[in-house]
Amino acid sequence: MSVRDLLSPFIAWKHLFREPVSIRDPFNREASERYRGFHQNDVEKCIGCGTCEAICQNGAIDMVIVEGVEGIKTRPGDSGLRPRIDYGRCCWCALCVDVCMTSSLTMSNAYKWVENDPDKFRYIPGVDKKEWDNVKQGYHRPDGHRLNAPERIEMPELEPAERIDSFVEIVGGYSVEQARLEADRCVTCGICVATCPTHMPIPEYISAVRDGDYERGLKLLYDSNPFSQICGKVCTRRCETTCAASHEGDPIAIRWLKRHITEQVPYEKYRDIIGGPLPATGKKIAIIGAGPAGMTAAFDLARKGHEVSVYEARSHAGGMTRYGIPEYRLPFETIQREIDLIVSMGVEMHYDTRVGTDIQMQQLQQDNDAVLLAIGLWLGRGTRIPGADHPHVYKAIDLLRRIRDGEQLEAPKSMVVIGGGNVAMDIARSVARLQKQQQGEINVTLTALEDKAHFLADPVEIKESIEEEINIIDSRGPQECVSDDQGKLVGLRSWKVLSIFDDQHRFAPTYDESDEQLHPGEWIVEAIGQMSDVSLLGDALTEKLEWDRGRLQVDDDGHTSEPWLWAAGDCVKGPDIVSAVATGHSVATSIEAMFEQKEAQNA
Amino acid sequence: MKDDFEKLLDQQPEKEPEPQERPALRDIPVREELVPRTVTAPDGQEIRIDPLQDYYCQAGPTVQTPAYTRIIEDLFNWARAESLWILGFGTGCGAIEMRPLMTPRFDAYRYGIQWRPTPRQANLLVISGYLSVKTLKRAIRSYEQMQNPKYVVGLGSCTINGGMYWDSYNTIKRLDDYLPVDLYITGCMPRPEALLQGFDDLKKLIRAGKAEGANKYAENFERYKTNQKRVIKDWDMPDYSW
Amino acid sequence: MADAEFGKADRSQYPHRRPDGSLDIDLTSGKYLKLWQGPNHPGITGNMSVELTVCGDEVVEGKTHVGYLHRGFEKLMERRTFIQCFPIVCRICVPEPDFNEYCYAAAVEELAGLEIPEKAKWIRALILEMGRINSYLMYLGGQAGAFGQGVIGQWTTYARDLMLDRFEELTGARIYHMFILPGGVRDDLPEGFDERMEQTLQEVERTLDDVYDTMFRNAVFKKRAVGLGYVDPALVDEYGITGPVARGAGVARDVRKDQPYLVYDQLDFEPVTGRESDVYARADVRRRDLLMSVDLIRQILSKMPHKGEVMATLPNVLHWKIPRGETYIRGECSRGEYGYYLVTDGSGYPRRVNVRGPSYTHAMALLEKLIVNVNISDVAGLMVSLHTYPPEIER
Amino acid sequence: MQTLISQLQTRFQLSEFILQRDNLAFVTVTREQLRPLLLHLRDKEGFTHLVLLTAVDWIEDNIFQLTYLLGDRTAGCDIGVRLMLPRDVASMDSIHDLWPTAATYQRELREMFGIDFPESPRVDEDFILEGWTDLPPYRRDFDTLKYSQESYVDRLGRETKDPAAYMKLKLYPDEDNDG
Amino acid sequence: MPEGRGYQRLKSRTSLEEILEVATEFERTARDFYTELAPKVSKQIRYLVEELAEEEQRHYDLFSQLRMRADIVEQIKQSVETPASDRRFSDCIHLPELGDHPDDQAVLQYALGREHAAMEQYQSLAESTPGGPIRDLFAFLADEETQHKNELEKRYYEVVHSGGV
């Protein structure tokens, strides 16, 4: 116990002369730049996908309906719900901010909230006004910090050089490992289901891919879409446009995952996974046209046990999928497997029977309880510009059908395609392949009224066409099919289109006559539009039926004004295969409902 | 937050919490030294001893109505508001943010707030976060031993609706089922500045005479006791240890 | 008599023990008194209570009771996916939450086969050292407070609060930082962090000098602390003692040196050891450890690579499945060896998480052994010197 | 580590051994082998530090797995000795004489899992929970959420909607396509 | 063909009312043509012919109503300042003969051809008459026809360029 030990504590007195360290005004002290304070939510950017609720381990977030705030409405791509946060549960860990798919949920650095009534600690950020709503500082997701991978897993495809000279399928398909990685990116929010015309259970079958349980996945697929194999290859993927992941990265490859399921399950097991038809009910239904719409209705009704007979004008079923889409996008055996599966449900097929010539409409009406018209759009629209009646001016639909029928077409030296949709791309690339096979080099030009941004074709199609040396010239107004004096087609004269749509998206083209070009081409193919050939109805029936601007008028179940006649598919609604499947389903349910109603009446 | 706070100050006593169904009480073996027993005194007289009843008075808490005129009551309330002596019982994780409060940096002493070790000298019980059942038993006992102008403040989200431990078998979910709470300060865990803001609002409450937690405890003493007994299984302490 | 032989006298015969080792105490004889240094007591660190059986002033038997802060973490974590366990894990021990985050993240990364970027390791080491400084500063306040010196607690809490500002600036929160998650850390250092950290470290060092002068050089503190709570080095292995309590007994055990994790192999430091293994020695070991941590932070900030990303790419955390396996990750926290034993069964939820905190052995077995024949007034000082924190025991 | 394990396997005919990483290995033993192995490891191999003793509840295979993790602090490596106990009559002889801290671990396992360690000191006293009559909480068949909802009342007014189901209700209510 | 049959009749007229009266008579003949074409055409595209008939009817009412108005001059001058630009989209489409089963595209082409002819006719009349109310009237008539033609072009695009994907 030296003297030093007694005196050293008195050093503490030096603090008398030091500046006090107390914070003068602790009541409005600003928290740090990254402080995780109370939540803010940009309700326009938020799509109500519920991922923040899924990750919150305190169950602090409820997805609630928001009334009376303009800008928030249940619409495709937005569930109309907004997160309500319960500060009696929240621990401010900001996992919800990190996982937010549109990074609309952020945190201010406000931290003072004192209340007497405990029930007040619940609020919907962005909707209930709070004083920290537009505080700029606070925690935002650091850009390097992602809780799920933004990029899509690359799909193995043939190189342009390999695929250009053959009709072999371009897309290879995911391996099991790749599919599982891609399926792992899905946050199962289910926003895409409403956008898909047939409302397929997309999150459920993607989680089936994740678990590797392909039987369950296939059952889910075929419950809502009997054309899953075909849709897995050529669907227009509207679901991917509203996928929650598309806001901050690539959307989930839903189409490729659907295709992956159909490829992984051996074909023999399809039948027993999907299950057979119910016992016969004695009802007879005739379906005209074996396209996606007709065959879906046939599939549904046959499974219910009704006796279904399908009348197809061509020699193979599949409609536009069989005769409109070229081989390199949709091989024959996929279509054949799809059709065989549907036929195995007890559907009676009549090929090469054109209603109107081989069998009359009235006859169908008598010996069937219901008739479904699913004839699609088989006539190509022509531009009817001067010189368009030349024999070498074809319709894209007819050419594609002849190629798909296996006819050995003699490809021209050079060709011009008019039109910017998928059909134009298909015909351009098919003929390019024929040219490559027969002459070794490609000379195809594709012109369209619209500019490239407004092309109806799938952006992937446009990219692949350019890779296959098809030179695409956009914003060209076709003026005349020029032929030389011997009557041989020389090419297409067209003017530059300055602008094509006015501000209400109505067609109001402005031309620049000075910029006139002649596109050389021995053949000119028009792929500007399609219409349905309704001559098979016969004049009497055409008069009796109600029409709606050139198409059969149907209620939303597909029931025409005639009690015994339904209509579905392209000839009624929707440009793509999956809408045809959707209308097929609704017609099947409507027919079913009509049968039950009839039983109820006379029972 | 400010405006509806003023609204509260002139508001009448707030609504009765909505009734909920209550599972049945559980019977738990009581420790043998607390079981009533009869003892024969040296002169042969039989004496019944009931440890839980004998040493404590049976009366429950009584409602303390303001006894003086308005002016003096305001003066008392002002005095009470200016000297919030917090019971130094850190029941949950929030207590660690009370330490900076009591030391020079945030220095709550300049607002009349300081830590007192025993419930006898404290008039504010701060439940700083989650409350496990064992601590709830001690917290209730401490609260009941505090003298009457006493207030309870709940910190953090655990006292409001269970917080992070919403599915735990050992923590209580709503503090106002078991103790009368005058004020909640949210945050996991609330910062010292938020605590000071909370205590400042508590002062306003006290000055306005609205901090009636103690009286509320006395009025529906039965409801609090049944809630407490339903959760605290080995209830081996007197009902009200004043 | 500077170094009194207090506490070393042969009192092994007192109190009498029955042949089976249990105490031969007759409570009703009036010689003994049962005293609770209960959960509501300024002298203990955190909520635990010690049931003392006292004869006069001298403790005859002590039983530690815990469970006041039990929330059943290990049960709750079985109901949460791996990313959801990350925020709840740091709530286990309040004075030093980052250790839980690090051990849990390292265990998950090892079982999931994740490799974290280099910079994340440096930032994690920085945070762990900052947490250690905070924990030691709070300890010094507690130790001085147990012996009646209130002013030390005021200074160290002020210094700790400066460090909390640095934490808030770096991680976005004061106490529960939730910054180290499986796969790396959330964000990089803000700019100008190094200068502000340097000022804070200087302020901590200035505070430590004052603490050394007023506490370690204080006659009263020396008189009470020297010789109290002697831990025999032989007990270190038998009772599984780790950290400053072991190092105070001269046993050089430091996980940062024995099993270097993160970047500790690239930092040069020597474990600090004491010799007398009493309260004074342990307090001094912790003080010098604190100074070493200050130096470590300076080394880390100088050697840390400036650019580089801080987060590995995680699979989708909403359904992150880890194959079956079990592992044990340990680290040296301010109180001793802190470890996580994680068992996964291939589902998205951990099958079992066991947290092994140093206080598990210090507060229960060791304290009950040391507390015999100690004066009542010294019980608080002894308990604080073991730097026990009850939530590690009951989680 | 490798050599040590092979030695042990020869001496104790251990059934299974997992090398988790170079300084951590797990071996599985039977009841009889446990104590001699622990003694051997502690006295001869230098694994003097009992890091932890815990139980893992494999409810599907009706097994409690007791893990004795021993650490050799000088060499810096650990061995986890795993013992499989039948789940219904789970009891094990105590090792508190080897390490005094084992008594605390065993008290916790007794209270939390219901695994009995007959001669362990104070094993039946309340350790963490006071007056607990329900199933030991750490067993997997004890549902903590159900217990918590029964005993404590959550705040009312909390309900949530599933986005996909809500969109179906609003955008295409009458059409269910189960084919 | 700027010197169509109506050209001479209009050329000789001098007063505004007479010119308007001849123009309305053209509209009436068009309307009658469409109304009696409607039943002949298949019901699928009958809506198109009926719409064309209505449009002609509206034109007819517009012109006849204009004739009654007193402040005819200011009205015309005012609408001439902002002439609609000619899209020239359908200039290249030659006039088909309708035949007995025309499809919707043929009907539209015929209508476009007629509007184009009328527009050119009024334009050349406007250039050939000296300044003054009559020139403004012709310009106004040409402008009306151009707007009508633009309207028809919008309909043509929507009918023809549809159905594909």
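Per-chain residue numbering starts at 1, and chain names A, B, C, D and E are given in the order in which the chains are listed.
We take it that a contact is a pair of C-beta atoms (placed from the backbone, for glycine too) under 8 Å apart; a residue touches a chain by one contact, two chains touch by 3 or more.
Quick caveat, the model's predicted, so the values are computed rather than measured.
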Legend entry - Neighbouring chains shared between chain D and chain E, ordered by label: A
Inset, instruction - Provide the labels of all chains in contact with chain B and in contact with chain E. - result: A
Legend entry - Most distant chain from chain C, judged by the mean position of its C-alpha atoms: E
Legend entry - Chain whose mean Cα position lies farthest from chain D: E
Legend entry - Per-chain Cα centre nearest the global Cα centre, belonging to chain: A
Legend entry - Between A-C and A-E, the pair with more C-beta contacts: A-C
Legend entry - Approximate Å spacing (C-alpha centroids) for the pair chain A, chain B: 60
Legend entry - Separation of mean Cα positions, chain C and chain B [Å, integer]: 31
Inset, instruction - Report, in whole Å, the distance between the mean C-alpha point of chain B and the mean C-alpha point of chain D. - result: 37
Inset, instruction - Let me have the rounded angstrom distance from the C-alpha centre of chain C over to the C-alpha centre of chain E, please. - result: 93
Legend entry - Where chain A touches two or more other chains at once, by residue number: 21, 31, 57, 86, 88, 91-92, 118
Legend entry - Multi-partner residues of chain E (at least 2 other chains): none
Inset, instruction - Provide the list of chain B residues touching at least two other chains, using ranges where the numbers run on. - result: 104-106, 134, 160-162, 164, 166-170, 174, 188, 191
Legend entry - Set of all touching chain pairs, with the criterion as stated earlier: A-B, A-C, A-D, A-E, B-C, B-D, C-D
Inset, instruction - Name, in rising order, each residue of chain E that touches chain A in their complex. - result: 42-48, 85, 87-89, 92-94, 96, 103-105, 109, 150, 153-154, 157-165
Inset, instruction - Note which residues of chain C are touching chain A in the complex, please. - result: 2, 80-81, 83-88, 91, 151, 158, 165, 168-173, 176, 178, 186-188, 190, 210, 213-214, 217-219, 222-223, 309-311, 313-319
Inset, instruction - Note which residues of chain C are touching chain D in the complex, please. - result: 63, 66-67, 70, 72, 74-76, 78-79, 110, 237-240, 242, 253, 258-259, 325-328, 330, 337, 339, 341, 343, 345, 351-352, 354, 356, 360-361, 364-365, 369, 393-394
Inset, instruction - Mind listing the chain B positions that touch chain A in their complex? - result: 1, 5, 8, 14, 104-107, 110, 154, 157, 159-164, 166, 174, 176, 181-188, 190-194, 196-198, 200-201, 205
Inset, instruction - In the complex, go through chain B and note every residue touching chain D. - result: 18, 20, 23, 26, 28, 133-134, 137, 160-162, 166-170, 172-174, 177, 230-234
